[in-house]
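In the part that follows, the structures are each spelled out as structure tokens.
In the two complexes that follow, chain A is the common piece, with chain B as its partner first and chain C second.
Our next item is the complex of A and B:
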């Protein structure tokens, strides 16, 4: 299935802003992050089609997943 | 009409009360500067320091800001700019909370830090510098680390709380105490070129959604540090949210967050 991945902030460094991937059915948000070598400890907000998603959420054909890093400084 | 009010009206021009007259009234009538400002605003006189606010904030709105109490948790990168912004805006009571003293590595970004106050408590700098910016503002300082144990005591009575912390774990505790007390929380966080802002109304789930996938103590700031400009941008957005919350104006960032990327200069709205 085709999935569009959008990366934000420092996740773009050495990767990309937006890229389409052909992934196997039932791939989860966590598996997309792992495929991109983004550790779960780095992950902040995860959106699927612009809505808040859990890491375990499976993706569907045509979904857009957006990954934002955890930001905690002040 | 009180003699004090007659004194203020006689020295006002076009509805504006000059600082010299406000100060003289305080001296002549043995009243605090805050009390003089309260009487002026309650009677339609705008301290002249706020005259550039006049096209966007009415005198009753400026009065409402002066009657409100805002608590700022953390007086470092975000906190320094937030505190200065609130004092210049004319918030009447400001609580500043931070356990730390200034260190050399704060100088690249923390507004209240300077060579001469290295080693001094951050909250002491807040009292001194806010007093110099706007002496009519009452500043309450606590040199304490915020936590579940003291949170209710520190925040009780605040109309809005501003999150300028540097730990995700403590932020989650702050959100819990704000929910418990029913106080709106303006949240900001920064790391490197990046940051985000959101406003959490009591009972809203937005904080769980921002940090729900991960409640590690730290984020991107650990590897990237923080420059001079990212805290200034995010703090200014937090002060704007406080202003709108207190005046019930415009649209606030409740149930959404604004993600800020100053490297690619992108502002992305996230629905929470």
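Our next item is the complex of A and C:
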């Protein structure tokens, strides 16, 4: 299935901003992070189609997953 | 011993008074709100002689505690008609604290039309007539006063907007680089203008170090506190690298970035104005990605933004301003927004109120959406020159909405709603509705828990848990605003267990007292109730704790959600 992956802040360093991947149908958010060598401890926020997601959430064809380190402002 | 400096602008006299016993344990917002509630008639006209303008440093300001250099400014607000506290960095809080000035209270109003200045020393206040700097912008005022005195002089000043008593006018405070930090929200600059004070200079010659009751305990607590700040990924890494503007992309992804005057929740040009792009631009042009608003800040969320030729344009370039002129006004270039930010600092208008106002002005057809050069022109030529149109614009979002018959006017209690859409980030909507200050994100920053996974997680798209979240954060924030601490210490405080006890230990060591966590929570509750009491006496009711109608009926994409809290659900907030 096709999954769009978006990275933000320092996750982009040595990686990419946006990239499409062809992944197997059972892929979870955690597996996407692992594939990109992003440690779970570094993950701040995971959004799937603009909604907060758990790491164990399986992805579906056409999903957009956005990965952020812990960031803040205001 | 700490003193109260009191200035009467009606008869141009000043006095130095003992601190009343019931004010002794208060600082920052707790003190300004207590003084305003005790001494200001709630129904008074905010620009008349019966309003009072109060400045107070926080309980820990002037000590070696990290991030403790914030000053509170309070009065009845001409923008909202409510009580107001607005805090800022800069050099003045630490000067006040070291000089033993617990608070400066400015009351009355000159009977003539002249402007004045105040000069503060350890001995008291000197009032002088001022003519030379009238009509000048804030940068020119700071430059002239540094030339007259020296680099160390503290300056609190208003621009042309404050002189003209515009409701969006702010008060500028000199920062350690002779640039500007602002008491931004609620039109405090108009109150200072109504007192006919163009600027206040602070000469701290002769001020000693702050006396700390238990220096050893203080040192240990201060070390634990600083470590918590540096260990937390937001305060220790994210903020110093990308600034507050890192939020553009995350709010955009979550569908909560108000766009085109709160019509959409995502902005197609988000990447152009994002924190990531800003960081790369600053590095490329030889600016600074890290910068503190006051000495002793170890978070360093500010920055110095240069133009293409490497020349200084602005600092303290915040998410709110960039969102407001960017997504909300559809301006796609950071350079235009940076130039506008500099002009807003110079003429002295709140960059949140003004950015929200421009969204309404664009909807009204005064200028097209996306017209960055138009914004710059209106700031300089209309607001800065105090023309009739400039006065309408300088009156804020509500003023423009009313004048032009716009129905989508994002304000609560007439104060512009900041950078998070309450339909898709519901907790912050409760804060906007119930804050004693009018729409104010900092009053109870639910974004931490709704969006950023700090302090747990409450789903931003569901109603469950939002009232309780906002209430707990508003209580905690009122207490933090009284310490002189920067609100960003809340990120580590919500996640690292040692952080808050260390903060309380520092207060206890400073004053030789034994406050508990419950005492601090009670302080927060008392502040909110004092402020609410003032607002009720001024004529506000629970019916004012509501969001504008369009949020109930216009769904915001991409989640296509509306604001769906009932009146009863909102009113539960005050049940404590």
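Keep this in mind: the second predicted complex is superposed on the first by the 70 of 74 C-alpha atoms of A that agree within 3 Å, B and C clash if a C-alpha of one lies under 4 Å from a C-alpha of the other, contacts with A are read in each partner's own complex, and residues count from 1 in each chain.
The rule is short, and it goes like this: a contact is a pair of C-beta atoms (placed from the backbone, for glycine too) under 8 Å apart; a residue touches a chain by one contact, two chains touch by 3 or more.
Quick caveat: nothing in here was measured; it's all calculated off a predicted structure.
Enquirer: Both complexes share chain A, so when I overlay them there, do chain B and chain C fit or clash?
Expert: After superposition on chain A, which the two structures share, chain B runs into chain C.
Enquirer: Tell me which touches more residues of chain A here: chain C or chain B.
Expert: Ranking chain B and chain C by residues of chain A touched puts B first.
Enquirer: With both complexes superposed on chain A, which partner does A:69 reach: first (chain B), second (chain C), both or neither?
Expert: A:69 contacts both chain B and chain C.
Enquirer: Which partner does A:45 contact after superposing on A: first (chain B), second (chain C), both, neither?
Expert: both
Enquirer: Of the partners chain B and chain C, which touch A:14 in the superposed model: first, second, both, neither?
Expert: After superposition on chain A, A:14 lies in contact with neither partner.
Enquirer: Can you check which stretch of chain C gets into chain B in the overlay, out of 2-10, 200-208, 326-334 or 380-388?
Expert: The overlap with chain B comes from chain C residues 2-10.
Enquirer: Which chain A residues lie in the overlap of the chain B contact set and the chain C contact set?
Expert: 8-10, 12, 17, 44-45, 47, 50-52, 68-74
Enquirer: Could you list, by residue number, the parts of chain A that touch chain C in their complex?
Expert: 6, 8-10, 12, 17, 44-45, 47, 50-52, 66, 68-74
Enquirer: Hey, which residues of chain B end up touching chain A in the complex?
Expert: Going through chain B, the ones touching chain A are 74, 76-79, 163-168, 171, 188-196, 209-214, 216-221, 223-224, 226, 231, 257, 259, 261, 264, 268, 270-272.
Enquirer: Contact residues on chain C for chain A in the complex?
Expert: 233-235, 237-239, 241-247, 249-250, 253-255, 271, 275-276, 301, 318-320, 441-442, 445, 447-448, 451-454, 457, 459-461, 487-488, 491, 558-559
Enquirer: Quick check: in the complex, which residue numbers of chain A touch chain B?
Expert: Within the complex, chain A contacts chain B at residues 8-10, 12, 17, 40-47, 50-52, 54-55, 68-74.
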